[in-house]
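Encoded as structure tokens, here's the structure I'll be asking about.
Letters A, B, C and D name the chains as they come in the text, with residue numbers starting at 1 for each one.
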Amino acid sequence: MAIRVTVWGENVHERKNRIVAEIYPNGMHATIAEALDRDAGVTATTVTLQDPDHGLTPAKLAQTDVLIWWGHAAHGEVQDEIVDRVCDAVWSGMGIIFLHSAHFSKPFKRLMGSPCNLTWREAGERERLWLTSRNHPIAAGLPDSFELEHEEMYGEPFGVPEPMETVFVSWFQGGEVFRSGLTYRRGAGNVFYFRPGHETYPTYHDANIQRVILNAVKWAHNPAARIADPNAAPNVPVDQAPEKIQERGPRLHQAGEEGFR
Amino acid sequence: MAIRVTVWGENVHERKNRIVAEIYPNGMHATIAEALDRDAGVTATTVTLQDPDHGLTPAKLAQTDVLIWWGHAAHGEVQDEIVDRVCDAVWSGMGIIFLHSAHFSKPFKRLMGSPCNLTWREAGERERLWLTSRNHPIAAGLPDSFELEHEEMYGEPFGVPEPMETVFVSWFQGGEVFRSGLTYRRGAGNVFYFRPGHETYPTYHDANIQRVILNAVKWAHNPAARIADPNAAPNVPVDQAPEKIQERGPRLHQAGEEGFR
Amino acid sequence: MAIRVTVWGENVHERKNRIVAEIYPNGMHATIAEALDRDAGVTATTVTLQDPDHGLTPAKLAQTDVLIWWGHAAHGEVQDEIVDRVCDAVWSGMGIIFLHSAHFSKPFKRLMGSPCNLTWREAGERERLWLTSRNHPIAAGLPDSFELEHEEMYGEPFGVPEPMETVFVSWFQGGEVFRSGLTYRRGAGNVFYFRPGHETYPTYHDANIQRVILNAVKWAHNPAARIADPNAAPNVPVDQAPEKIQERGPRLHQAGEEGFR
Amino acid sequence: MAIRVTVWGENVHERKNRIVAEIYPNGMHATIAEALDRDAGVTATTVTLQDPDHGLTPAKLAQTDVLIWWGHAAHGEVQDEIVDRVCDAVWSGMGIIFLHSAHFSKPFKRLMGSPCNLTWREAGERERLWLTSRNHPIAAGLPDSFELEHEEMYGEPFGVPEPMETVFVSWFQGGEVFRSGLTYRRGAGNVFYFRPGHETYPTYHDANIQRVILNAVKWAHNPAARIADPNAAPNVPVDQAPEKIQERGPRLHQAGEEGFR
């Protein structure tokens, strides 16, 4: 069965900024989804900030194997309730890919537990991404390095936790470096951060970038059934302990009581 | 200079539950702080949930090298504003140690970005902690294993991110296991989770447990000056790029503008 | 195309020890391979220590997607040249799974760079394996815990590097714990260590154990083309630098010279 | 008590190459040791490849808290027996720092378990090192980035295991990047790899580089008593099991027998 991808687009600059609108006439999310949809193994749809529930209803998340998130100007408009819902879906097994300025999105910051800050410069300079981990599934089919002639610079230190793996590191013409492709696991969900994608440049039309995103979708997909309640903290009664034991000593909880939260 | 430790106590069951009050007549936080204070290299003070700002004013956090957190019954009463303040302090370099039921505290969940759930049983059973990393600084002076005759069981799967290091794993009489000592770094702050410490047992009077907490304080202490703003994401203007570049292509931001958040 | 698995068996105790021979009349490697071969996605063959080149000729390794290694009594008889060949294959992309007493095999020690030691007891006691990472691909289809009624005990501290992920932790009846399922990446090769499998017990006839090994084969398989020379350290001549630079300053090497090794 | 550092120098190019001899008239090891020795908390000595046992007798290693290794032209001349001895010392708690071309030294390859390869270019180009982890102890007192005007280029992919932490990433004028500062733990020993230091440039006279090495010495120092036998794999007899158990089922080993290796 095809991997069901939902591309979440903030869809603000595409409508307000002439330059962005010319590069992405149907929105960045549409360009990203169309590229994925050309792969036989993927079915991609799009939702935006402006949709009810930002397009992320419980039903939609339940039908999403991998969620892709691009946001920049309107991080603060994303409702906290939806952020909780997205994190729960990740913890129960949904994959998630954060692109570029989504480093400051609410769900990325929530999943990282860290500031997620960096330095930046919007000068249309050259970026060159290098693999650090040759033959990593996210790097499948890519050369050891590839270039984007015009990109925004993001510089270290990047305020994220040490990743499970560093897959790409970027070189910038102006002298900075950045860990551009990072993998994490949160609960049962696979998380990938991928740096490129400033909205005033045609980055998501680039074949190498499209390849990385497609590879990341396949890597992030967890085929296991979703965990019903990823936050459950069940009591194991004494008579159901794997080894026979006798209760002893004082206790706080009565039999059958819920734990504190 | 001595390491300044602040022990944060929820201080609820000590006042409401006779058993807990007998074991910890001045509160669990007091017992933990007194043990630390006996070390010449540490100065420990206590604050509680009931204090203004839960005792965690900006001034107090600025004077805290390592914060220790014990909470259980009243996680929900901790104000979100204080949680933000604590996380900012960690990201700027304050060490933090979470004890036992603090796995479900707001700051731990915020720093982990994961459900932090587990299974549990309150049966006064035997727990045996094993080192997985001999000679780790947090295990200094400890044997390869040590026992607590009566403890609450916490069982795997423990819903936390893969740690930087697993320092202890617990064996439980009833048949479960648990990763009991886990290290993380978040921003410039060192984070340690340590499992034992159910309030109806005299765990914090145990010499081995006191030793682990003291070791963890020394490990978590970052002597570097605190980062002034751990969330800063400064723009690097073109004329201050490390390498000389020319701005080119379209841009969103005007010179001197702040980035989006 | 099916994943090509080669099961390497030391094949010593199966021939010398009556108990082992009764449990594994065709050798442990045969039992492991037969279980894998029942899966439509896998084709499994076996080789043994006694074969020329221990069965691991360059041609055989080139046709092996995932190698499984079981050894115990004759680690020292494995030729260093074959160990080098196996490590090169791993670094170039072959997956490898080490079972039980292979913790002290030459290729495992070589790939870990650490002592790989542990404590042990042969008492036929009960082992219970717990998932620490629910929904991990290696845990697909397994319950949160499962038991082996008779196993050799391996105890912590286990002298291996901190893994990429801890997938299983074992509980032992005699009071010890052990990190039983650990993932690593070495070069382009995925590495999995899995603890159970003492030769005097019928462990590899157990359905859960067979499931873990099958899952691990699928996880370890890297479908990318093998790296031709995983040790290559190519010079990048000045005129082929990605950015135009001028050579300057003194140098050791003449143009076209190999680097030192 | 001061940290006892031993700087191991290959001491080949300093004697054979006029350029290197002018920059390091007493050898690179002497320059590195003199800089460390200026710190009140460190006592540094030097040994070289040409000394008996390459200067690394059991007595010398027993008195070494942190070993620093620089080699390039003569990796192959280091005896395997001494490599084993060094690895044993690391596993028992000695810290070790590998500099620059030591990425291909025998002890580094042995401790990493991976190819440790990279790309390179000797063009005297500019290198700029960026912190990825601000306030890491190894970065104490350093700015977010610093430059070396002339260095050899090392480029990704760098064939090492995913580190515990990536502390520095280098930018090169010619367009490459490299993970320049990496931490590992192997047994009880802390390991740091630090990239800069090509012998035809005055890198080890640079104040920032000296600061990093000093910081790394303090980070790598493990004050715990050395583990007597880091490879020991002791049997735990049934009657000494932490929990009372009865032996049952068949076994291979007789009471008191050594395990296989």
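Here are some notes:
The definition used in the following text is that a contact is a pair of C-beta atoms (placed from the backbone, for glycine too) under 8 Å apart; a residue touches a chain by one contact, two chains touch by 3 or more.
According to UniProt, the chain labels map to these proteins: A, B, C, D = ThuA domain-containing protein.
No experiment lies behind these values; they were computed from the predicted model shown.
Shared contact partners of subunit A and subunit C, listed by label: B, D.
With respect to subunit C, maximal separation of chain centres occurs for B (centres as means of Cα atoms).
Although subunit B and subunit D share one sequence, what matters here is the overlap of their interface residues, and that overlap exceeds half of the numbers used. Subunit A and subunit B have Cα centroids lying 27 Å from one another. With each centre defined as the average position of its C-alpha atoms, the distance from subunit B to subunit D rounds to 31 Å.
With each centre defined as the average position of its C-alpha atoms, the distance from subunit A to subunit D rounds to 36 Å. Along subunit B, residues 128, 133-134, 145, 155, 162, 164-165, 171, 173, 175-176, 185, 187, 242-243 each make contact with two or more other chains.
The touching residues of subunit A, when paired with subunit D in their complex, are 128, 130-134, 144-145, 155-158, 162, 164-166, 169-172, 175-177, 179.
Considering their complex, residues 93, 128, 133-137, 140, 145, 147, 164-165, 171, 173, 185, 188, 222-224, 227, 242-243 of subunit A touch subunit C.
Note for the complex: subunit C touches subunit D at residues 13, 17, 19, 72-76, 87, 91, 101, 104, 110-115, 117-125, 150, 153, 155, 159, 161-162, 164, 173-176, 184-187, 199-201, 230-238, 241-243, 245-253, 259-261.
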